[in-house]
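One chain, chain A, links the two complexes that follow: it is found with chain B in the first and with chain C in the second.
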Partner chain A sequence: MIAYAANLATIVAIFGILAATLNFVVGFAGIFSVAHAVFFGLGAYAGAQVALHIVPDALLACVVAAVVAGGLSLCLALPALRVRGEYFVAASLGLQMMATTLFSEAKAFTGGIGGLVAIPRPTLFGVEVSVLPLALVALALILFATALLQRGAFGRTLQALRDAESAAEALGKNVAAAKTLAMLFACAGAGIAGALFALHLSFVNVESFTMDQSVLVMAMVIIGGTGTLWGPIIGAIILLSLPAGLAFVPFIPATEVGAVQQIIYGLAMTLLMIFRPAGLVGDLSKGRATA
Partner chain B sequence: MLFLQLLLQGIQTGALYALTAAGFALIFGATRIFHFAHGTSFTLAGYVFLFCWNGGLPGWFGTLAGIAVAMLFGLAMERLVYRPIQRHEGSFFTVFVAAFGVAVVVQNLVGMVAGRGFASVDTRLSLATEVLPDVFLAPIFWIAIAVAVVLFAALSAFLTRTHAGVALRALAQNPDLLRAYGLSSNRLSMLAFAVGSAMAAPAAILTAMTTGLNEAIGHHVMLISMAATIVGGVGSLRGAALAGLMLGVAESVALQFVDTQWAEAVSFLVLFAFIIFRPSGFFGVAQTR
Partner chain C sequence: MTDEVLRTENLARAFGGLQAVAGVSLSLYAGKVTALVGPNGAGKTTTFNLITGNLRADSGAAQIRGKPIMGLKPWQVARLGVARSFQDLRLFTHMTVRENVLAATETASWFWQPGGGAARRAREDRAARALEATGLAALANARAVDLAYAERKFLSMARILAAEADIWLLDEPASGLDLASRLRFGELLRGATARGVAICLIEHNLDVVTELSDRIAFLDQGKVLAEGDPQTILRDPALAAIYFGDRPQEAA
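What follows is the complex of A and B.
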């Protein structure tokens, strides 16, 4: 039971990181990426490769994952600089689809459909550790960084260009740099989450980095509330306890649990958008001013 | 001769893409709603046809039922989802997420009801015969082309010759002026949804006869429609149709150089290139957004 709870907590913390970093670009910068699972995947594969071939050091794996995912965030930053709104969603969807193909085909790096197996247990300075404390620390750091950025000049710049890009530019804000940095931060964070995920499960394959996963993370952010600090974490907790909760409902056959879960969060997304677009934690009094 | 075979195959796929994309472009152009559940209309129409066919009902009945379901779904989305959202704010993202939620729900419901994995309609129309040395064509090739040509002719006649069609184009250009002339933009946007969604049904039925359907096909269709709309230039039906055709051909011809699993990636490479180098598309006017 404790092992089960610890496993669930680790997964929640990892997805909390994912949701928090996605929220950073969606909620603050107004960049609606549907390709977050791509960077999660890049981080996971990079982290797994480090652990498999160099040394299973958690810190090193995280750093390498962050560098790889952050570096490749340019793939997404480039279209983000060119277009907004619908166009960017289209671009990020395209990237997600291409990456899924790439992940299942680039067998040397990702192991193809079979994935990478037998990733060694993580160590920290030579001592074997479990992933839970690492994930919690990473989550805390990311939340702390988000809160800092949110209050500071950078966060305000992002919110300004979310609400009125031309106005922000006219005031001398460097829109290109701000967007690129926001993407870099979010994707590097997703990479770290990926590395922790790989080390925790000691197995990764392409199934975890598909469009469905991107949608799940997106749903966490939206159901919790975009642009809030705690919303994404609450969304992650709710959506991840859903399958566990559904397993106890007697009349759903085990094979359909996944489908029922997706139906519930799909429905939740639609209903929330109709009745409460700010999300569960979002501020009711002020409407979200994203365009 | 492989090239010719792939080219013809691509034209067949492209004709179906063009139909679906034109439906999406019509809705997006007229109402400015990014109807992300357009692929869901496609899925529903295809599966309704499949059920009718497997139930032994005549083909024309299945076709009509498929079209009716696609239309009803489009109208229901407009009435029950997009309209209430636009009443309070209607930022692009809210609309997108709501539609996405519906798409996820329907995809899973279809998966639960109809079973997961590929399902297709068995018909003699999709039996290929050798027309030229090493080039095989099925009768369905000609049907797909004919359906696309007829529907595009009908659509352009509708948009240029009839009152409602002209009003739809006016809605795309200037909704405020349209209302000032006393036309109902509400009714027109319902018309756009009905016509646009119906366009997806024939493509869905023909797809059921050729490559087959699966419950997640809506995503693929949606992505293609969206890519075609953007590549063709938002607001241009002709652009969307041409781009749809082009994407179909590109996916197919690319098979000469790469494996099948990359076909979809080719479409997105094209889309990506357009977004970065020419966001306004072939026929689009530069967007101020």
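What follows is the complex of A and C.
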């Protein structure tokens, strides 16, 4: 039971990082990316390769994963960032579809459909460690960095371009540079989450980095509250605890848990949009004003 | 005349078959207010958009203190000292009044602004002065979306003040303001011109134009038909006929 709870806590912390970093671009900069799982995947594969072929050092795996995911976010996101609003959603959707195929085919890097297996247990400076404390520390650091950036000039720049991009540009703000930096931060964070995920499961394959995963992380952000610090974490806890909780409900057959879960997700999203459009943690008046 | 800070030469831009701006040559001078007057669709806002880089010109040139600005992006033009307002204001609606104005002082796009604590305090002072000058200091913590109409207009002006630009392009900044607010707006403009700011004003209210402008450029169908002092331009019966929609029929 303790092992089960520790596993759930680790997954929640990892998805908390994913949701918090996605919220940074969605909530603060207004960039609706449905490709966050791509950068999660890039980090996972990069971290796994470091552990498999160099050394299973968690710190090194996280740094390499952040560099790979952040670096590729620049190559892939720069052209996409030239488009706005729903066009960016479509561009990121295209990126997600392309990446899923590449993850399935690039066997040398990803192991193809079968994925990468037997990833060694993580170590820190030569000592074997559990992923849970690492994930919690990474989550805390990312939340701290998010809070700092959100309160400062960079946060204001992102919120300005979210509210009125042309006015932000007219005040001398290089909108493309600010968006690129926001994407870099968010994707590097997603990469770290990926490396921790690979080290935790000892196995990764493309199934974890599909469109479904991107949508799940987006749901965590929206349900918790976009543009809030704690909302995405609350969203991650709820959406990941739900399947675990449903498994213990005696009158739901084990085979139907998935279907019930989908119905509850859909119902929760619909009710939230009606009664708390800014999310569970979000400012209610802000949500109504936006709506 | 006094110092020319901005000049356009034969700026032109067509949208499909519509020639929105058809060779606009215009100069703005330090410490002077130039009003762009003309009927709807004359090309006034398009001229602003061509100067600020929001639209690309098909032909023509523009320069700020001799430096060519055609092809520059809006943020690059802004960093040369051009600030503009929009007809629809485009406030940062979910930010507070103070954050709106602070954002106007922070142009670096990096994770932090240069200059450390001293520069930050200087930016905060600039923002506080702009709020004081526009009468918004008491509303500093209100969100822009919650402001009344006139307050929103003044917030738009506060951002421009805080940006410390020396060329202001104002698109119908006084429309919908009551008399008291208009007088306060006039004071803001006179304060700016006394500091040497060059202002270009698009305005339909001819009382405001007469009150505030030193020169008028009259635009119609994308061309500057006449330029001169307000009295001369506004008394010209041919221009008045165009402005009020009584356009003389062209010879068949």
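By our rule, the second predicted complex is superposed on the first by the 282 of 291 C-alpha atoms of A that agree within 3 Å, B and C clash if a C-alpha of one lies under 4 Å from a C-alpha of the other, contacts with A are read in each partner's own complex, and residues count from 1 in each chain.
The rule is short, and it goes like this: a residue touches a chain if its C-beta (ideal position, glycine included) is under 8 Å from a C-beta of that chain, and two chains touch if they have at least 3 such contacts.
Quick caveat: nothing in here was measured; it's all calculated off a predicted structure.
Visitor: First (chain B), second (chain C), both or neither: which does A:L59 touch?
Guide: Neither partner.
Visitor: Would you check which partner chain A:L74 touches, where first means chain B only, second means chain C only, and both and neither mean what they say?
Guide: A:L74: touches no partner chain.
Visitor: Classify the contacts of A:Y265 with the two partner chains as first (chain B alone), second (chain C alone), both, or neither.
Guide: In the superposition, A:Y265 touches chain B alone.
Visitor: Could you look at A:L181 and tell me whether it touches chain B, chain C, both or neither (first, second, both, neither)?
Guide: The second partner, chain C, only.
Visitor: Which partner does A:P277 reach: the first (chain B), the second (chain C), both, or neither?
Guide: After superposing on A, A:P277 lies in contact with chain B but is clear of chain C.
Visitor: See if chain A has more residues touched by chain B or by chain C, and give me that chain.
Guide: After superposition, B is the partner touching more of chain A.
Visitor: Where on chain A do the contacts with chain B and the contacts with chain C coincide?
Guide: 290
Visitor: Contact residues on chain C for chain A in the complex?
Guide: Residues of chain C touching chain A: 52, 54, 73-75, 78-79, 83-84, 86, 90-95, 99-100, 102-104, 106-113, 143, 145-146, 159, 163.
Visitor: Over in the complex, which chain A residues touch chain B? Could you list them?
Guide: 26, 32, 78-79, 82-87, 89-91, 93-95, 97-98, 101-102, 104-105, 211, 215, 218, 222, 256, 259-260, 262-263, 265-271, 273-274, 277, 287-288, 290-291
Visitor: Quick one: in the complex, what on chain A touches chain C?
Guide: Contact set of chain A toward chain C: 149, 152-154, 156-157, 159-160, 162-164, 166-175, 177-178, 181, 286, 289-290.
Visitor: Within their complex, state which residues of chain B touch chain A.
Guide: 34, 81, 84-85, 88-89, 91-105, 107-109, 111-112, 219, 223, 226-227, 230, 261-262, 264-265, 267-269, 271-272, 275-276, 279, 289
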